[in-house]
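Below you'll find a set of structures to go through.
Paired with subunit B in one complex and with subunit C in the other, subunit A is shared by the two complexes that follow.
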Partner chain A sequence: MKYYISFAWRNIWRNKKRSILATSSIFFAVFLALIMRSLQFGQYDYMVNSTVSMYTGYLQLQAKGFWDNHSFDESFELTDTLYRKIKNHLEVTTLNPRIETAALISHATETRISPVIGIDPYSEDKMTGLKKRLSKGNYLTEESKGILIAEGLADRLNVDVGDSIVIFGQGYQGVIAAQVFQIEGIIKYPIPKMNNAFVYMTIKNAQELFNLSKRITSIPIMINNPSKLYELRNELSSKIDTNLVIMTWEEMSPEIVQAIAVDNASGFIMLLILYIVIGFGVFGTIVMMTLERTREFGLLIAFGMERDKIYLVTTIESIMISFFGALLGLIITFPILLYFYYHPIPVKGELADIYLSYGMEPIIPFSLDPSIFISQMLIVFIIGLLTSIYPISFIRKIKPVSALQGRGGMK
Partner chain B sequence: MKKIIFLFFLFNSITYSQNPKEIVKKSVDILYGKKTFSVITMKIIKPTWSRTITMKAWSYEPDYSLVYITEPARDKGTVTLKRKNEVWNWLPNIQKTIKIPPSMMLASWMGSDFTNDDLVRQSSVVDDYEHKLISEEKFLDYDCYKIMLIPKSDAGIVWSKVILWISKKEYMQLKSEFYNEDGNLIRTMIGSKPKNFSGHLIPSYWEMIPNDKSGNKTSFEYNELDFNINITPEFFSIQNMSRVR
Partner chain C sequence: MIMLTLAWKNIWRNKRRSIIIIFATIIGLSCGLFSVGLMTGMYDSLIDYAINREYAHIQIHTKDFKRDELFNQSINDINNIIKKISSISNIKNYSCHTIIEGLASSSTNSLGVKIIGINPLQERNVTGISKSIVGGNYLDKKNTVIIGKKLAEKLKLKINSKIVLSFTGADGNIIYAAFRISGLFNTEATNFDISNVFVNNEDISNLLNTTSPIHEILIKINNTDEIDKTKNEIQKILPDNLLVESWKELAPDLKITAESTDLINTIFLGLILFALLFGLVNTLLMSVLDRIKDFGVLLAIGLSRSRLFLMIILESISLSFIGGFFGIIIGYIVTQYFNSRGINLYSFSEGLSSYGIPSVLYPNIRIATYFVLTIMIIFTSIIAALYPALKAIRLKPVDAIRTIA
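Our next item is the complex of A and B:
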């Protein structure tokens, strides 16, 4: 085997220019593909992270049936043991217990229906950055008796910080929940749908209002490594009671999964076109290399060398060309990606304002997901194998006499 | 509350008639005692909990009704007022009046299997439906007419059909089934324990069973029902919600 590899190696260097050309076209393909995929994957992760941290969390602990019914019948008691079981997992960063329901919000003659969320002010801010969205007034503290209200909803009700509103809804087991609250702060959301609805109060006040005693409805969970989502879900699920369930963000926000799938498909088509073009470039080089060596192949066969062995050498040659190109691409691209991974490209101007208004940092992040590199290597390897089909079929049909006489080897 | 009752049972005429529409019409004419007062015990049964609410209800058909909660203590004094197609609530603990917005009309009323919309729906079982006698069969111990009601297209009724079982002799509506547009059974109402209230013999105990939520049921029982009270539409004012006892 050693000999075949060294034969192949020498054959490649027989025509340096051509080999370098083929290698560099592979290199550029890998370079472009890696940067493109890294950008795309980086964007997806960033998008997912910003959306899940805005509301649902990567994972969410609920009682069975809550996601479908959103009723207090599926609320549960958050015991210290349960809290610690989840919190102590190394991959879990934030646990954000909530009470989620909807109720009527009324002021003077105006009444609107809105989600009413009972929160732990500290963990809610840690997960969603709610405090940063405050446009007026004060953020909630553990002891607050008041509420935060979304700006659009406040406008519709014609209320401001310091005014009182009535919250009227249904509590646990059908009791009437009605109470007057003072507005402590106004929250501004960039997304109109969110800005027109949302009232926050402390969990303690919500439990009192809705007669829930120590019960809550859901716990969004933030994690270190989103790629371990399902692994972590299964691990945590095995630790909790059977009446509880852990949902993933993919189950809770299928629209994001779809948006990513569509974008990913378009990226994939771009890559396909790129690789088809590059593939034909490499193929051309291999065809030329094969044809100019007709005499040589004829001679080897005439000497009694088995055709299988010639197949092997030519295959090694084309894989080597592809592989060197890919390796070069990897070696040069990786440090660049590594740099941008730690120093994402900042976005400037109007686009930056859009990012900021959605509560996202105005950056274009890169991804270093190993699957990006593995898949490029795999594609290049496949191109190498496919292009080696030509020399094999050529050598299979070659007639030594014709080849040696310089008549093309086929007649 | 009276509106619900009106919707779900049809009082029947003394006149013996084979014409289903005739039966329904006469029953409704008699039901229009117009002004009624009742004391009702409602029981909400869910798979994991149940709750009993007692209330007083006044009504002035077809536009007005007022329900005053007397039990449980936590909710005592809460008032629901229906004026035409509006629903208002009076909340005694915060001394506030709230109008239920249209988006909440399909939400549950007091945690029961009834919605706010059930309180205000204006449809008339006589004029908004086509009636057809489909068979005569026994329900419990009563010989009944089984009448199918198909809503007229312009009536704006959510059901695709309603089937009623009305006893032949007493003209009591003992059972009704409500079907949605896909033809699936959504609700069943069953009336039992007939009692004589100021000359009207009607079932005093009703059960409403939603077909799509197993283990759920809402029942209500008339402890008192007076068909001849002296009341005016002014009684059903927003101001009066805080005064009524």
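Our next item is the complex of A and C:
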């Protein structure tokens, strides 16, 4: 085998410029593909991560029907046994019980509608990092009687820490809920849509306000390993009552799943076109390498070299030409991606506002997902294999005498 | 001319080699053009639909309303302002909106919505809402409302169901009013559908016991090329507390999309051509190396080096031209075919509609793209030929003739 490899190696370098051109075309494709895929995958991870940690959790425990209706009719009681059953699973990191609803928030003559969220201050912070978004006042504690309010909403109502607001909404079983709360702290979100909404209070206060006694509406669940999402869902589902249901983030945010699918497909098609074009270039090189050696192949066969062994050499040549480019692309691109993985590119100016309006922070993240690298290597390997078909079929049909006489080897 | 004939004959000396690179060009360019067509079609419709759905061409608000969106921050002396605007010739239609943040409730659920009070006749000529009705009727009777189909699903309501809208009036009192759903609309943007309901302005006036305040004027213009000029004209004749904005300012993301689509497409085509460049250089280099002896003879019998250089450049141009010609023709035919039929992406509709993209795409290539692409092809082929051509003209005739090919 060693001989064949060194044969192939020497054959490639018989025409340096040609081989370097073919190799660099593969290098260019791999370089571009790696950067593009890393950007795309980085964006997807980021989108998923922010939705999951800001809103839904990877999994969410709810009463059946809550997701569609978002009404208190589908609230449920969180018992200690239920809590422990889920919390004790090794893959589960955080359970974040919530009460989610919307209500009118009034101060003086101003009224706004806002989501009102009853939270456990500790677990909410652990999941969403709410505490570090506090811009004024104090974060909630278990005993707090007050509320946290988003900055934009506070501005619109013209209120500040220490002021009182009225929350007015619909409680459990249609009861009218209305109560005065003092503002304990102001939360600042970078995303305008979020900054203009959101009122937080402790679960206890929310249960009182909305007449829920011990009931809650949902428990977002954070997990260690997102790739085990469905496995874990099934395991946990078997442990809970039949009136409850566990949803995955993919079910709760289908638009993100589909947006990713569309973008992923368009990126894939772009790269496919690129690889086809590059593949033809490499194929052309291999065809030339084969044709100009007609005489040589004839000679080898005439000497009694088995065709299988010639096939082997030419196949190694084809794969080598493609693979060097890929390897070079990998070696050069990886440090670049590694750098940007740890230092995402910040987006500035007008474009930054657009990122914010879409609910994303203005950065361009990169991904180092191994599948990005593996798939490029695989594609290049396939190009190598496909281009090796030509020399094999050529040598298979070659007639030594005709080849040696310089008549093309076929007649 | 004779050089062109020579070049043409030369590229067919090694048919296999030339056909491979021509084939690569055809595939690369036709697929590339089709992708460009898809992108252009997608982004153009994204913008058209957004303008037609919610932005119109130009909008007027008070500066205060832009900041706080409060009920009291309405446009004063509306009749006078309308009169002033109507005097501008480029203005086609306008529609006045009352905008109130409120709660839409059914017996099972309530959701925060933007209640938009319209004059149904005015609105018909400015936005596409009247045409997006998928069930029931446009606002036809007293105290009726049209809501998004997706909102109706969330609230578990049907056509003719009762819906309660609650909001605060000027004095801070909360007003509850029952409306009957006369129709459901369904646009390509999910967010718009679940967060807006339309009612008749007169109904709001009755509830408020006074003429409903106007917070927003939407304007459609005749000649969209003059949008910035018209916008400035309007701003000039209006009082300082009013802000006139075009859709580009109202939706900067759409503006960037509009401005960057062509650039991204050009870069994409450029990358394909760059990939082709490698193959082209290789092909030309091989063909030059094969013919060293010929070149030696040509130079020896007195062909000038500049003509030799020209010949190789022409070979490269002819090679790319054949590929480019068929590539463009095929790309054009495929794009036109799908443009007349539309490409149904229904299975991705949720993801697309969260970005306001309709689920049937009509790929479309701008005429300018063909020109730009043609120029890019010629440019690429000249670049590709430089190195091989230089190599050829640097030959010394005597050495070249002695080369064993």
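Here, the second predicted complex is superposed on the first by the 244 of 411 C-alpha atoms of A that agree within 3 Å, B and C clash if a C-alpha of one lies under 4 Å from a C-alpha of the other, contacts with A are read in each partner's own complex, and residues count from 1 in each chain.
The working rule: a contact is a pair of C-beta atoms (placed from the backbone, for glycine too) under 8 Å apart; a residue touches a chain by one contact, two chains touch by 3 or more.
Since the structure is predicted, the reported quantities are computational estimates derived from the model, not experimental observations.
When both complexes are overlaid on chain A, the residue A:178 reaches subunit B alone and has no touch with subunit C. Contacts of A:73 after superposition: both subunit B and subunit C are touched.
In the superposition on chain A, A:166 makes contact with subunit B only, not with subunit C.
In the superposed model, A:104 lies in contact with both subunit B and subunit C.
When both complexes are overlaid on chain A, the residue A:113 reaches subunit B and subunit C alike. With both complexes placed on chain A, subunit A has more residues touched by C than by the other of subunit B and subunit C. Using the contact criterion defined above for the overlaid structures, shared-chain residue A:24 touches subunit C, although it does not reach subunit B. In the overlay built on the shared chain, the residue A:287 is in contact with subunit C alone; subunit B does not reach it. In the superposition on chain A, A:142 makes contact with neither subunit B nor subunit C. In the superposition on chain A, the residues of subunit A contacting both subunit B and subunit C are 73, 104, 106, 109, 111-113, 168, 170.
Subunit A contributes residues 17-18, 21-22, 24-25, 28-29, 32, 68-71, 73, 102, 104, 106, 108-114, 155-156, 168-170, 254-262, 266, 269-270, 273-274, 276-278, 280-281, 283-285, 287-288, 291, 350-351, 353-354, 357-358 to its touches with subunit C in the complex. Partner subunit B is touched in their complex by these residues of subunit A: 73, 104, 106, 109, 111-113, 166, 168, 170, 173-176, 178-180, 211.
Within the complex formed with subunit A, the subunit B residues making contact are 44, 46-49, 51, 72, 74-75, 78, 89, 91, 93-94, 96, 98-101, 103-104, 107-108, 110-112. Contacts from subunit C toward subunit A in the complex involve residues 16-17, 20-21, 23-24, 27-28, 31-32, 35, 38-39, 68-70, 101-103, 105, 108-112, 154, 156, 166-168, 171-172, 174, 190, 252-253, 256, 268, 271-272, 274-276, 278-279, 281-283, 285-286, 345, 348-355.
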